[in-house]
Amino acid sequence: MTEIDDNPISAQQCADAMLGNDACTKMMGMTLISVGRGHSKVAMTIRDDMVNGHNTTHGGMTFALADTAFAVACNSYNLPNVAEFCTINFLNPAFLGDLLTATAKQVHQQGRNGLYDIMVVNQDGLKVAEFRGKCRQIRGQLVATE
Amino acid sequence: MTEIDDNPISAQQCADAMLGNDACTKMMGMTLISVGRGHSKVAMTIRDDMVNGHNTTHGGMTFALADTAFAVACNSYNLPNVAEFCTINFLNPAFLGDLLTATAKQVHQQGRNGLYDIMVVNQDGLKVAEFRGKCRQIRGQLVATE
Amino acid sequence: MTEIDDNPISAQQCADAMLGNDACTKMMGMTLISVGRGHSKVAMTIRDDMVNGHNTTHGGMTFALADTAFAVACNSYNLPNVAEFCTINFLNPAFLGDLLTATAKQVHQQGRNGLYDIMVVNQDGLKVAEFRGKCRQIRGQLVATE
Amino acid sequence: MTEIDDNPISAQQCADAMLGNDACTKMMGMTLISVGRGHSKVAMTIRDDMVNGHNTTHGGMTFALADTAFAVACNSYNLPNVAEFCTINFLNPAFLGDLLTATAKQVHQQGRNGLYDIMVVNQDGLKVAEFRGKCRQIRGQLVATE
């Protein structure tokens, strides 16, 4: 579904500009599932270099996935935003081979300040983590329009 | 410096048990600088697969470093602890080639609940992030003593 | 609307047991608007002893309202829960005379751990704050059934 | 002890300007113990209208005390700051008659952004809560110098 607004740059173009040359999300094997104004969905499979000796996923990998969905969602208006403050609740462990999906949605946007919630679930829909992120808009554009 | 207490397993042995077969921290190239009861220091150099197209470090990489220092510190008594809730304030960006050091210290420990602060700085001592983590002790031992 | 389940004590009875002799919420003039399993709505009018010299509401008053809605919601199963960790984002100031309403909903409940989101709005529906709280169940019951 | 700097308005003057006509902190009976650039100490005795039916202090009262110490500390440079995001870990309950002291210290200050840690202890030095607050400077001065 395409969301219609008068922004000449689509949310998909913003995501492409962000992720197109992002070596880190490529290294982690993240896949953008969907993106729209203020929301996104990103997935990642837990590899054997993302777990500890007990095959439990490193919390940093789960955070990185959620943080990427957050970044895609809060940059979807072609206005660059940076993360200022994030919180993460770890609710269930994730394991080797799990397919994690992070769904980001805008909770609030006012002036230069945005607040987003990102839920991470595994392939069975079990909640792995709840992430909340506060971002702040900086100058410029992701994709130049002039 | 060795901290003397009556725990038969040293903080170093706990860290070795945790990190010895931890594929994820190896993949990220983390180095344990020091560890004691309730504290630790872990370092990591930002590689070209840890940054985005602007050579800025992915927030997930910074979080992963802080989270590792947190895990080493809160598991240093040979009592296994898991992270429940973490917050991170991003204070300055980190860039390709930066050497980040995360220093974890115990703020509070009571019953099964622990609270830790982890500061991440770059090679110039500039603060990159402040992380606070709440952990909860689970059953068992990291290194069996009986 | 009554939610039907096999718990002999209703959410309303739990709320009555909590708030019935709670001197602090009475002092602040809070009113329970509604309660059900895992959710609640509590309102409060900002008085002249809840503001500073610029007639702006003290953040502690806004937090107290949200925290009360959180407590009512997370204790609605007749299982006593205590707040462990809370975060609050202040989104817009509240002023003398504003009628604030805090709406709490359960995000996650598993074992003894619960996670709740509480939104605080003013009489115009403007968001004043977003609160997230983690609670942990302790022993006992709010209302004895045996 | 007086801290010497070239700011014509002292931290004490800033605190006086903030608290002088603050009806809310007066209502709660808070006392400013000390203040300097980037730090403060504020105390409050838990009254019978600050507790619930079990004589346990409402979390909102503890938060309000910590938030006040935070506000005094982050406004001590005569540059007005507002709280954006706060987290609080409740570590031990406080009870009727307890004398709580909140000690605020600056963790980071850069540009318009500040980060403060506030520890709340009771009269026995037992930690009641750890609070972390992020503030942002707005325009103007607390005490006009021109």
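Quick notes on this structure:
Which chain is which? They are A, B, C and D, in the order written, and residues in each are numbered from 1.
Basically, contacts are C-beta pairs under 8 Å (C-beta built on N, C-alpha and C of every residue); 3 or more make two chains touch, one makes a residue touch a chain.
For clarity, every value in this text was computed on a predicted model and none was experimentally measured.
Set against one another, C-D and A-C show the most C-beta pairs in contact at C-D. When you average the Cα atoms of each chain and compare centres, the chain farthest from chain A turns out to be D.
Between the Cα centres of chain C and chain D there is a gap of 23 Å.
Each chain gets a centre from the mean of its Cα atoms; for chain B and chain C, those two points are 35 Å apart.
Between the CA-based centres of chain A and chain C the separation comes to 30 Å, rounded to the whole angstrom.
Residues of chain A found to touch two or more other chains are 84-85, 87, 89, 113, 134.
Only residues 87, 89, 91-92, 107-108, 110, 113, 115, 117, 127, 130, 132, 134 of chain A touch chain C when the two sit together in their complex.
By the touch criterion given at the top, residues 18, 20-28, 48-53, 57-61, 63-65, 67-68, 71, 82-90, 93 of chain D touch chain C in their complex.
Across the complex, chain B meets chain C through its residues 84-85, 87, 113, 134.
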